[in-house]
Every structure is written in C-alpha cells, then in structure tokens.
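What follows are several structures.
The following pair of complexes shares a single chain, chain A, combined with chain B in the former and chain C in the latter.
Now for the complex of A and B:
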C-alpha cells in the first residue's frame, strides 16, 4: 500500500512521458496499431500512441485521490449521522435510519451511474456522487456502536457531571467508536476505487485525456487480441490496490477489535 | 465416443465459420442474421430516417423506382420498381408513372394508383411531420398542405387505377431519387388507418419480406413473401435483426457463427480480421459515399465567431486521423464525396479556388493566426466559455474525439470530451443552442450533391427538434445558390452552382471537413449474393445461403 501511495504521490514526476500526449508518428505502427513494450515505451503504447506506463503512474493518483477523498466525504457524513442517530435516538434516529434503508434498497453502483449520468462528467462529479452515496454502512455501524456506548458508565458519569451533548459525543463516545471507523474507511477506499473504475469504464468517470485505470480498461478492451497488455496492466493495478486496501482493513480490524484477536 | 459426443463433433465448428455446401447456383432456404447497436426505430416509411430502420424497411416496402441490382459505388442506375415505366414532360414539371400490374400488398390486396397518392400525400400531414416532406416538397400544393390549408396535394393525381401523375412547381433533377427513397414507399391506406399508432410496429408493404415478429429492443424477424411481385420469391426464408450489440460483440458473434454478416468493425477487430487467414479473404472494403467531420454550432460561443471556427478547422490533423483508422480513411477538403458532381480535390483547384478551402486542411500556422484573430483568444490564451465536445462511447468516436482534443490543445484551445449514446447524441445535436461541437457524418441517401449540401447546410433544414442542419449555419448567398441548383436542369450549370455553394460553406467552416470512409463487410463463407450497397448499406434482397438442405430455385435458377 505504501508503494502504491508513493506512486500516486510521485506518479507525474516518475512518468517518462506526458500521459496525455499522442505520439502518432512513433507510438503507433504502420497499420495504426499500438506498439508493444520496448525501450522507448516500457509497457508499450495505447490506441492513440500514448505511453501506457506514464498513464498507469498518473492514473494511480486519480484512483487514490477518488478513493481517499470520496471515502473521506462518505465516512464523515456516516460518522456524524451515526453518532447523532445513536445518541439521541427518537425521531432523529427514525428519520436517519429510514433514509439509510431507502438508499440501501437501491444497488449502489446503479444509483451512482444514474446520478453521474445526470451531471456533466468530471472528477468533482465522481467524487461528490461516490462520497454522498457511500455513507450508509458507516452510519449503521457507528449508530450500533453508539447505542452500546451511550449506556456505559462513563457516559452516564459525563451526563451526571452536566457535560453538553456535543462534548459527550465527540470527546467521550467518538474515541470509542474509532476502531470500526478505521476498518470501514480502509475497506471503503477499496470499494470506492473499484466504483470509480466502473464509472470510468462506462465513460462516466474522469473525462479524457486524464488517465484513469477504469478508463484505460475501457479504451483498451477492444485491443484484447492484438495488445492484451492494454487491459491487463490497469486491471492488475486495480486488483493489487483493491486487494491491498482490503488486507489492510482486515489487519486493522484484527488490531483494533480485541474480540477477534488470536 | 458416445452418440451425443459424436453428433457434437460432427456439427460443432471451432472456428465459428459456417462453410458453404458447394452449391454453384442460388438455392432457397436458410436464415440470414445480422445485428446493430441500436434497434429499428420505426417501420413507418414516412417517419424512419436512419440506417438501421432503412435497411429493414427496404425488406418490407417497395418504391416506384428502384436501384438496379448491379448498382455499385456511385454508378447508380435507376430502374422501374412498382412502376413499370415513367415519363417526364419536356419542361420537367409533369411526371407520369405507369404501375406494374399484379402487385399485391402482404394483406393480399392489389396495389392501385390511389395507394401511391395516399402514401405520398401522407408525407405532408402536418401531424406526422415526416422528414420525407422535404424530398417531395417540389410537388405542387405541398406547402398548402403542410400549412394545413388543404388535405390533398394539388399536384398528385391518380389518372386511372394504374397511372399516377405528379406535377412539380419547378424542375427537380433529384425527384427520381426522392421517389426511390424509403419515403417514396407505397402503403395500404386501410392498414395504416386500422392499425393507428401500431402501424409503425406492424407494417404491411409490397416488399419481398414481411414482418413476422418484433421484440422491441431485442430482435425482429422478417419472413419471405411467397407472392412477391418480382419473379420468384426471395432466396432466404427468413431474415433476423438483433438489436443491442456493440460492434465488438457483433464481431465475436460472427466468429461464433451466430451472425451471417457484420458491417461495423472496431479498428483492432479490422486489423485482426485482415491478417487472419480464415477471415481475411472474406473481408470486403468498398469506398463509402460519405463524409465525416466535426460540426460547429454557429449559434453558440465560441463557434459563433468565424475566425474561431476557421482556426479550429485548420488545426485538425486529418493525416493523423487516417493513421488512427488504419489508413482506411481518405482525408478531404470536400464535403461532397468523390464521384459526385461538385466534389473537389485540393490539387485540382486553382490558387484562387484553393483560397476558400484553405481552412479545411491541417495548417497549424494558419490555425493559430485565425484563432489569434478571434475574440475568444487573448494573448494566445483561450478566454471563451468552456468547450464540450460530444462524442459517442464507441472506440472509433472516442479515438477521433481525443485526437481532435489534442490538436485543439496544441492550438491553445482546451476542450472537454463528453461521451454519450447515439440516441442521446442525435436528440442533442438536433436541438438549437445545445451542442457546441460534435462528431458529424453524412452518408448519402442518393448520389447527388444536393443530398450532401442542402440537407446539412440549408437554412430551411434548421428545426427546433431533429434538425438536420446541426451547425445551424445559414447564409443568404449559400441559400440562393442551393435554391438555384435545386431547380437547374443543366448538369454543368448545376454542378457549378453546387461547387460555389460548397466553397462558401468550406470557407465559413460550420463544419471541419475531415475524411471519406470505407464500408466494411465481413460475411460467413456460406453467404452468397450479399453486397455492400451504396444506398441501402446492407442489401439482403438478392442474398442466398449456400446451405446443404437448400431447395433449388425455379427452373434454370432464375428469379
């Protein structure tokens, strides 16, 4: 994960070519097909003569940016709703949880596709839609944890001392629910990266020529016979990154949840 | 080996190729299966105006005039269809059609002249808003009908049961072409009226095939009409159209032996098929009578600025596009394709004539100069509104879009690419002030410059919905030239008028003219008699399948 993050951070500086520049003269062969791996282009070129390695490196930044930023938005929303809903209960809880039910009754990706398609394509649009739709699981989990915590003695003691709701929620309860939040966030990054890839694959993600792994698979799929690397390379990047975040999430869960330890 | 495995071993074909049975003369029988990305939109010949619908309607309907079976390329020869003969008066105003006897609709009723009068009059029903009205608009009284002043066409009468007379307001060199279009199809009034809104989905015609089944969005089945008026019924028993298959999937289905023919191939599939020893010999490439380019909406900034449009047109590298399409495209400066009057080649123009076309060639220096003279550029920086380019999501359109995007970027003009589906694209570009710049193409309805210039660039072709003039270009002098050419009967004078109109259009650059394409076709080895048709794209009327179980044709194999 560290190396993927490093690549995302330094990708534009490591890229041997400008990932958007089309080199029709030497980046395509005489028949107009992409050239294979070689000294000039280590992973070959795509259908527009662009360097595949450079696009992968810069694409990593897009994938991780979407992964972290959208997850940050959804986790933030889910955390606040879960805290407030579990702590206050009553009408707030009912409204919040029924909203979660409604949102979860739609397939997540289908809802994303519908909302993204309504707006103009763009990185901000993808971030916003993935962020605003991905908070439901977090809200549910945090609410459940808060429901248990609010009955604990330390919370009762804080109330008896006359502390305000905000202070009780954010100073006392929040630190005790941070474990599942961390685990869910890590898993959320993985699923968001995958969702961005799907949206980009469908032409609803980051618009060209900005490289994105999902869009690279979409653009390269027609060449699967003559240049299979155009699909395999970004596919492998997604696989490794998503798998990495999933393993990280599981590791964090083992560390942060003592019940599962050993 | 078990009997079942033995049977599978005998019938399965690992290559997906369906070899012929060795018949040298046509045989009856078999099902021809083809596919498109989109479904047939309508089978009402007064309404349909897209390639998929036209190909299907060419099976179900006939017109008074037809294209000869040996029609190839631009050498289009017209012959009698439902009309066994026709005469034109010396002044070119009165056309008299004599109908073929013994023609019946699929419902068994005999065709009469009143059917022709009804079918063509229907095009001017204001409620129907048929795109065909433009092509038959020369008939006397058509405007009065469109205006709702009358319910009959003064210039269209049935003299007797087999004779139809048409009177035009002015001579029209393309009227025979209009008659041969799908819009000229003859339909039975009683069926149209009885079926109402369902008519478009359950048509009755006189064509060699009749509709048997239509599962919307999935498949349409046409079966041979045993009583078709042409000698003998069609060779094929059945034709099946499958909808919803992108070109890459079509290729896979052809390879699997599930399709008889495909005519849309992605660049990699084309390259792969060309070098494959099994499929390579079956690949047909025919120059297509079409033109591709980028439309620029003259009503929307920044393309409302002449200098900006000219700069954009000159910044596009046509040779690059040719290489991206495997060398199959022919870069051009002429919107009218080769083989038609008014087509021009850069090298054949005088220096004065070249002046008008100079923006339709890749010239980075000229592009930068014109862009710098635009009000949307300041000190080499673009200061206009964000530019969104509408592309289709298929490999070819997206590749072209990104190529144009880079060319404009090099000229200092940033542009975002928006991908969309074909129906959404059509709806958007046909609306005023909606799309700034988009891919555009025109494939001929009939081989005449009028079909390329008037349909796309005439002021009259602008509309609030489904506008054919997608750049919403309107120039008085161009309009005058197009109007004069439309009624001119002298071929040389006519060609000159269209050349002058095209020169004005090229200079005004409502479109960046880019290339003419080639039509591809890949067929199963057992498919015979199929041809890439310049008008109908796919023409299955004469096709036959070399099937072992095929029944021989009638005596002598003649149809």
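Now for the complex of A and C:
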C-alpha cells in the first residue's frame, strides 16, 4: 500500500512522458495502431500514441485522491450520525436509521451514476457523490457499537460527574468505537476506488485527457484483442490497489477483533 | 404476525414514496441543464422550448410539479423519453426481462459456485486449500466488474470461441447461450463474497451443541454437514441473497455495457449518456422498488422462520 501511495504522490515526477502527449513519431505503428512495450515506451502506448506507463503513474493519483477524500467525507458523516443516533436514541435515532433504510433502497451504483450525470461529470462531482452516499454502513455499525457502549459503567459515571453530552460522546465513547471505524474506513477506501473506476469506465469520471485507470480500460477496450495490455495494465493496478486495502482492512479487523479472525 | 405484517408493509410503502420523492429531486431540482431544452434539441427555437416546458408543466411551481409527478408514478406512468418520446414503461418492459435473465444466471453462479467453495474451505479450516480458496475469493471481490467481464470475454469468447462476444443471440437457445458470459461476469464477485460468507457462517454453526449431538447420535458426517450444518449456515446467506439485489442491479449496468446486453442496466447507462433523465429515473425507481420488495420479502420470511422477530 505504501508503494501505491508513493506512486500516487510522486507519479507525475516519475512518469517518463507527459501523460497527455501523443507521440506521433514513435507511439503508433505504420497502420496507426498502438505500439507494444519497448525502450521508448516501457509499457507501450494507447490508441492515441500516449505512454501507458506515464498514464498509469499519474492515474494512481486520481484513484487514491478519490478513494481517500470520498471515504473521508462518508466516514465522517457516518461516524457523526452513528454516534448521535446511538447515544440520543428516540426521534433522532428513528429519523437517522429510516434515512439509512431509504438510502439503502436505492441501487448505490445506479444512484451514483444518475447523480453524477445530472450534475455534470467531473472529479469534484464524483468525489462529492461517492462521499455523500457512502456513509450508511458506517452509521449503522457505529450506532450499534454506541448503543452497547452507552450502557457501560464508565458512561454512567461520566454522566454522574455532570459531563456534557458532547464530551461524553467524543472524549469517552468515540475512542471505544474507533476499531470498527478504522476497519470500515480501510474497506471503504477499497470500495470507493472500485466505484470511481466504474464511473470513469462509463465516461462519468474525470474528463479527458486527465488519465484515470477506469477510463484507460474503457479506451483500451476497443483494442483488447490486439493489445490486451491496454486493458490488463490499468485493470491490474485497480485490482492490486483494491486488494491491498481489503487485505489491510481484514488485517486490522483480525487484530482489533480476534473473534472474527476465522 | 398480522401487526408485524402491516407495520412492515406500511414502512415499505413509505420507503417507496421517499424513493419516488428522491427521484423527483434528482430529475427536477438537481439537473444542471434545462430538461425542456434537452427534449427540444440544441437547435430548437425559444418558442418550441417554451411550449415543451408548458406541456411538461415545468413552468409550474415545484410543489405542483411534485404532486403531479408522484400522482403519475402512483398510476404507473414514469413519463416519456426525451430522446424518442417513447413511454418509459415501454422501454423498461422491453429491457427488464433480459436483466432478469442474467440476474437469475448470476444468482445461480453465486449459489452454485460460491456456497460449495465456502463449505469446502470451512471443512478444511486453516489448511492450504482453505487459504487458497479464500485468497481467490478476496481477489474476486477486489476485481472491478469490467475487468472480470473483459477477461471472461477474452478467454471464453475470443480465445476459445465458446460463446458470443456480446449482444443477444437469435431464438430461445441463442439468447440463453449469449446470456452465459454476462451471467458469469455478474455473478463472479457475488460468488466470491458468498464463499466467504458461507465459510464464516458454517464455522460459526460447526461449534454449536446440536452439531455435537448429531454426531453423538451416530449420524454420518455427510448428513451432519449437509442436513444440520449447512441448513443452519445457509439462513443468513439466503437473507443476504435478497438484500444483495441492489448490488446485482448496480453490477448489471457495467456488465450489460460490456456485453452490449439489451437489459435495464444498458438502458440506464445509455439514458445517462444521452441525458435522457425520465428513462434514467425510471430505471432508478424500478430498481429501488425491486430492492424494497426484496427486503420486504426477506423480512417476512425471516419473521415466519423466527418468532422472536415478529413478536419483538
């Protein structure tokens, strides 16, 4: 994961070519088809003669940016709603959980696609849509943990000492629910990167010529018989990154909750 | 049971109303572009655009538009396509059966591949086979649908030539044959998930007292595993199977795009790319209604199986 993060940070500096530049001289063969791996282009070129390696390196930044930022937004919303809902219960809890039910009644991906489409595709909209729609699982899990924690003696003691709700929630209960929050956040980054790649693949992500892994697969799809690498290379990047975050999330879960280790 | 039934059904109706209200906001409040202009086309005169705006009641106040919209949806009218003026319900009626076909295929893949692999891994817990099966499952979950789909298409369609690369085949058997690769693509991530779920549930059930009792009674291991173990382990799996419909419908958008499959997912993404919002919203409303119904059925089946739920 560290190497993927490093590539995302340093991608533009490591890239041997400008990812948007079409190398007409050596990037396409005599028939106008993309060239395979070679000295000038280590992973070959795409249909427009652009360097695949450079586009992969720069594309990592988009995937990780969306993955972290959108997950940060959704986990923040889910955490606050879950904490408040589980702690205060009553009407707040009912409204919050029914909202979760309604949001979960929409097919997530289809709703993301519809929202991005009505607001114009682009990085900021992708980020906002994935961030604002992905909080439901976090809210449910945190609420469940808070419901159990609020009955613990330390919470009753804090109440007896006259501490305010905010202080009890954020200073005392929050540290005790941080385990599942960390696990869900890590797994959330993985699923957000997947969702971003789908939106980019469908032409609803970052506009061209900015490279993104999903869009690279979509562009390379027409050439997959002659140059399967155009699909395989960005596909493997997505797979390895998502797999890494899933493994990290599962590892965290095993450490923080050994009963689930299996 | 009747009280639970009425409560649950009332909530399903409220959820559907909220879903329709949400889709109204999506169609009439949020769009960055003018729906009347989109329907009229880029070269239409201002008079034509105004006439369409009046015809669609887009010049009325939002609350009035909302009441009309909800009323129309309640009567099964989802509007008409901006692009070809076709009723949305007709477009959905044409595409839904094809999505249903690959959804059934995908469900079979999920249950027939995922569940046996999960059981196999659970019965060999902490062995190399268990680790390998779960590693493959994690890769299956982590792979984007379009990568899986293109890989399957490359191997089985292009290299081996066993199945068509895309589109809908002629006749009943042609359609079935062309549904194999989309079904496999749509079901493979689910199969990976179900294998992990089944393994976890079986391991949980395997340590219960009734399993020890079944063995102590002298039942064969096969009977203990299949009749007592799997029967109990499958309850949460089947529950998730109902809830999972949303994921399946989301996956259908990508799968149908890859395989040019004429289902609701392809209809949805085509309508998105053509800014045909009524069709897009029709897809969202119908998919949501399917999810609400599936959740209702799962809850009712669960309540029927477990008295603590309906009486609680």
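FYI, the second predicted complex is superposed on the first by the 257 of 262 C-alpha atoms of A that agree within 3 Å, B and C clash if a C-alpha of one lies under 4 Å from a C-alpha of the other, contacts with A are read in each partner's own complex, and residues count from 1 in each chain.
Rule of thumb we're sticking to: contacts are C-beta pairs under 8 Å (C-beta built on N, C-alpha and C of every residue); 3 or more make two chains touch, one makes a residue touch a chain.
Note that the coordinates shown come from a computational prediction; the quantities given were computed from them, not determined experimentally.
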(message) By the touch definition at the top of the document, which applies to A:123: first (chain B), second (chain C), both, or neither?
(response) neither
(message) With both complexes overlaid on chain A, does A:222 touch chain B (first), chain C (second), both or neither?
(response) first
(request) State whether A:163 touches chain B only (first), chain C only (second), both chains, or neither. (result) neither
(request) Figure out whether A:80 sits in contact with chain B (first) or chain C (second), or with both, or with neither. (result) neither
(message) With both complexes superposed on chain A, which partner does A:33 reach: first (chain B), second (chain C), both or neither?
(response) first
(request) Could you tell me if A:207 is touching chain B, chain C, both of them or neither one (first, second, both, neither)? (result) first
(message) Contact-wise, after the overlay, does A:20 reach chain B, chain C, both or neither (first, second, both, neither)?
(response) first
(request) In the overlay, answer first, second, both or neither for which of chain B and chain C A:256 touches. (result) neither
(request) Figure out whether A:92 sits in contact with chain B (first) or chain C (second), or with both, or with neither. (result) neither
(message) Of the two partners chain B and chain C, which one touches more residues belonging to chain A?
(response) C
(request) Could you pull out which residues of chain A sit against chain B in one structure and against chain C in the other? (result) 120, 203, 221, 224-225
(request) Enumerate the contact residues on chain C facing chain A in the complex. (result) 11, 15-16, 18-19, 22, 26-27, 30-32, 125, 138-139, 141-147, 150-151, 154, 158, 199-200, 203, 246-247, 249-251, 253-254, 257-258, 268-269, 272-273, 275, 277, 280-281, 283-284, 287-288, 291-292, 295
(request) Could you please specify the touching residues of chain A with respect to chain C in the complex? (result) 101-102, 104-111, 113-115, 117-120, 190, 194, 197-198, 201-204, 214, 217-218, 221, 224-225, 228, 231, 235, 238-239, 242-243, 246-247, 250, 262
(message) Please output the residues of chain B touching chain A within their complex, sorted ascending.
(response) 248, 266-269, 271-272, 317, 320, 323-327, 388, 393, 395, 398-399, 401-403, 405-406, 409, 416-419
(request) Can you check the complex and tell me which residues of chain A touch chain B? (result) 20-22, 24, 28, 31-33, 47-48, 120-122, 203, 207-209, 219, 221-227
